[in-house]
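Next come two complexes, and both contain chain A; in the first it sits with chain B, in the second with chain C.
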Partner chain A sequence: MNPRGQLAIAGAVKRFGATAAVDGVDLAVQPGEFVALLGPSGCGKTTLLRGIAGLTALDAGRIALDGVDLAGVPPWRRGLGMVFQSYALFPHMTVAENVGFGLRMHGIGGAEAAARIARTLDLVRMEGFAQRRPAQLSGGQQQRVALARALVTEPPVLLLDEPLSALDAKLRHAMRQELRELQRRLGITALFVTHDQDEAMGLADRIAVMNRGRIEQIAPPETIYRRPASAFVAEFVGRMNRLDAEGRGMVRPELVTIRAAGEMLAGEDGREGSVVDGVFIGDRIEIHVACEGGRLVALAQAQADRPPPAIGSRVRACWRQSDVLTYPG
Partner chain B sequence: MTSDRRRAGLLVAPAVLFLAGFFLGPLLLGVGVSLGHGPGGTPGFGQYTRLLGDSYYWEVARNTLGLAAAVTALTLAIGYPYALILTRAGGVAKTLLLLLVVAPLMVNVVVRTFGWMVVFGRAGLLNALLRGLGLPELDILNSWTAIAIALAHVLLPFMVLSIAATLEGLDPALGEAAATLGADPWRQFRHVLLPLSLHGAITGCLLVFALCMGSFVTPLVMGNNRTMVLAVLVYQQLTVTSDWAFAATLGLVLLALVLAVFWLQARLARRLAA
Partner chain C sequence: MNSGWSRGYVVLAGTFILAPLLVVVAVAFTSASFVSFPPPGWSLRWLAKVLADPAFMRPLGNSLVLAALAASGAALLAVPAALALARGGFRGAAEIESFLLSPLSLPALILSLSLLFFLARIGLGGQPIGLWIGHVVVTIPYMLRTVLATYRGVDRSAEEAAMTLGATPLRVFLHVTLPMIRPGILAGGLFAFLVSFDEVAIALLLSTMRTATLPVAILNHIAHNYDPAVAAISLINIALVTVAMLALEFGFGLDRLMLSRGRK
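Our next item is the complex of A and B:
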């Protein structure tokens, strides 16, 4: 069987009144790839996802699934799986009926439907809950049912709209891992919308960082982190020190080293200032230095034998010149 | 806990006192009067045997139930699609649609009824229209049809608002989820929206049915004695024949009928929910 689930988006535009929610997006997703659409709220990531699902009509652009143009194809004929932020489980149906809904709509019933419902519930580890109602389930369980409902018809592409945002932090972590493993096992193409960079980093093969309706950068998580293509990406993903007010030069806190005042190595740059705070965060310690031109944060390994510099002491915050990210203002 | 309970008791006391004084009291009084304990009455079940033995009253009861059922069906048939459109509309359109449906509530019932008489009268708007189209004229002013239309007009908001309230409470993603799973708009409606809004439709039906059973001005004025319902009959027993005992009996029968229908619909609702 040919690998399926290749998604090609070209020049996608969606306007709401005078503002463009999606402003010329090109995106190619390979079969079996997991891509996260990451950005702040209002960046157009959800609108783009809804456009792919066919729930929002785009004003311009082309969306093709495995080479077939989806223009004019209504959502119920696109055959894409979607998981909603609110899960949108049908409250009047049991878990089995919810999961079986897509099969029923495609005329699959009887023993085959029952077998596929059972198999999919098994997949999301909800096998004992077939006869429950959504209201009798916890948030995490509802999430799994929503996932099973979207997967049961074996769609080529799975669209996920902030599916983990309604869960508490601990469960979110566990579900993230589960989702990743499930996606790999099924080899399904997945497009995941989130505003949470940790989630995007932990899940995706590639991250598309969106801002104001455009994709600023699309690359594997490590590239996004180490070589952000724009000042926006640099500051949105991970923490960042601005070396000037405009953000033309930036350096990551973990690349900043605290040295004694006056000390500096070859190839380094640095600024002197006084320590204003030292925050202990488990394995690492965060040192805030008030320098001329702003505060700098250094993130260092916490070492039991070396106490952090005292608050108020004069230090020099140093970084390698090659670690500075520069962007045209 | 006891102080909480006492406070709660104090809070509901006005409502309880009001209902006891102005609803339960008269109701018990009515039962007494119907059993012949009123002025000039003979104690016993005489009024009830008289009512049950006369086929005329059976017919009036049938007519009353029939009218209420017809008006309920009519308001449901118009009200459901209207509520659906209302919940999907936005901005000015929504306000206008809402205003349009509640407008009849802002006009006094007598005025509204006379308005319909102007429409349905022999030389009224409807016949003028039919004449203009070269069609035969209708004499429907005193008919059940005219009364049902006039009642449906005023009771429509109760149906529309009950259904719209339920529809508004539904997550819009429910229909979208159904769509992504392969359901076209009709099947999204049939399998998701409709079953989830049945509750509102049942509430609307109960409201309209009960209000219709008790409606009295419209059948009285428009019916002109050619059509009779229980409420008008009660009024006649009081004002024309001054037969208090029989009026009370008829009133209690009317109440019993409404309660019986409520009970049936509650059972139906429970069956649907299960």
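Our next item is the complex of A and C:
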């Protein structure tokens, strides 16, 4: 494991004109930890990442890497690896030259540089492409090269700014897995910006959910999903049924059970309504029920021997009272 | 769209543009001692005369040197300006861009008159450097436009990536920015060179006997005598420009330079 790579952010603020893009963020990332910054566009996640890289100057706050304050340290002396959404490869250089750039800037050349370039290209499974130019590579290959370029100097922390969002869905999924395995193997600290909750869930040890420049909750994926700390987190991560217009009470679709009208178990709450849609999605079926207080969605296992309720039939959508998430309006 | 008609149109337009040049080329090879078309016979005497005549060869040398210096000067001033303007983020960027492009829309004669008075006032009247300043002013817009277009078309996060990899701003410029905008600089340099090589108004007012450029020498010559030497020197002029264009075409691909999109 890599003993380096502890990141401590305290009171980070960045304003653009009158609006605060980052509005008082505290975040501690442990060595070897993979943290995702998750939030809608404009929530300040990318600004925070750029602040850590030194590409955007923060207005207030402290960023420390392994106990060393980064205030006033320019990006070229921070020694952090960064991967960009657009890959940001150098179009006029070969793959090997791209990967070797960081070494060259640090005065490492000759046989050592060649060996490290080869080793890092191996790591991202791009060993046969050293002499190609970026324009001759697919999007996924370009992003691997960008990853190798960021890793070759063995930085303590890897910053990733939506690195997978320019790839198509299938490739994105495969790259996600690869990235996770690579990060574990190297034991490098990783901070990953994304607006895609599946990506955050699938990658991170902990997710920091950001909204309007603040972190609403930082916790492991399961906690974020099961015990969201705010109504925003509850609705941003996963699907959710609102039990009232303000969202004071909410329940996850998979915790809603469809019963016959009038039926209900002890400890349950429920609402009656008529089935408006039944959507078959492979192993599961999604049943939409129009109730008085609005539409409720139930997600149930699809069972071949039990056909879903017919559209138009009266049913009762039930849930355990203890499964209801409540938030002050 | 009828391809027969459009082909005919292209041929017609091409003829309209090239025919006068073909007349000049033909006259350059005339055996007569006066300008006439078609020439009564063929000879190389006018070409030989012009190539041996310092009254033409010195201005030709002046023009080549001046064009190269003007293009270099324009690059030195316009490239940093283009980078700053494209990065933006400061007040008045749009106004500065318009100002730097304004020599394009200013009548050349007005500009050269202003330069004549201004340079005389600051003690540079009749100096070769004044001529150079004038040509840099009129070539800056060409360099600025092509470099701006190129730089706005490249992925600038590559510069940030270089920075995070340990490159200081100077090394980012040398290793990343400069190679990315090179097509724009080459295209802008070619335009600047040709504009300066062709420029009449400023050269007419700001050059001296010693620094006269080729267009000035040609104008002087036809003011006094109208002989095929003018056609011969024009032919040399056309040949030089054509060679420059062909070299760029085969060296870098003129299409790519003109479109200024760079390699992405």
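Rule of thumb we're sticking to: the second predicted complex is superposed on the first by the 327 of 329 C-alpha atoms of A that agree within 3 Å, B and C clash if a C-alpha of one lies under 4 Å from a C-alpha of the other, contacts with A are read in each partner's own complex, and residues count from 1 in each chain.
Assume a residue touches a chain if its C-beta (ideal position, glycine included) is under 8 Å from a C-beta of that chain, and two chains touch if they have at least 3 such contacts.
Every value quoted in this text rests on a predicted model; they were computed, and no experiment measured them.
Chemist: Quick one: on chain A, after the overlay, do chain B and chain C clash, or do they fit? Just give me the call.
Modeler: By the criteria stated at the top, chain C and chain B clash after superposition.
Chemist: When the two structures are overlaid on chain A, which partner does A:A300 contact: first (chain B), second (chain C), both, or neither?
Modeler: Neither partner.
Chemist: Considering only the touch criterion stated at the top, classify A:G81 as touching first (chain B), second (chain C), both, or neither.
Modeler: both
Chemist: Looking at A:L55 after the superposition, I want to know if it touches chain B, chain C, both of them or none. Which is it: first, second, both, neither?
Modeler: both
Chemist: Per the contact definition in the header, classify A:A219: touching chain B only (first), chain C only (second), both, or neither.
Modeler: A:A219: touches no partner chain.
Chemist: Let me test your reading of the model: by the given contact rule, A:A135 touches which partner, first (chain B), second (chain C), both or neither?
Modeler: Once the two structures are laid over each other on A, A:A135 reaches chain C alone.
Chemist: Starting from the residues of chain A touching chain B, keep only those that also touch chain C in the other complex, and list them.
Modeler: After superposing on chain A, chain A residues 53-55, 74-82, 84-86, 88-92, 101-102, 105-106, 149-150, 153, 159 contact both chain B and chain C.
Chemist: Under the definition above, what is the set of chain A residues touching chain C in their complex?
Modeler: Residue list for chain A touching chain C: 53-55, 74-82, 84-92, 101-102, 105-106, 135, 146, 149-150, 153, 159.
Chemist: Of all residues in chain B, which touch chain A in the complex?
Modeler: Of all residues in chain B, those touching chain A are 171, 173-174, 176-184, 187, 191-192, 195-196.
Chemist: Quick one: which bits of chain C touch chain A in the complex? Just the residue numbers, please.
Modeler: 154-155, 157-158, 160-168, 171, 175-176, 179-180, 182, 262-264
Chemist: Which residues, counting only chain A, touch chain B once they are in their complex?
Modeler: 53-55, 74-82, 84-86, 88-92, 101-102, 105-106, 149-150, 153, 159
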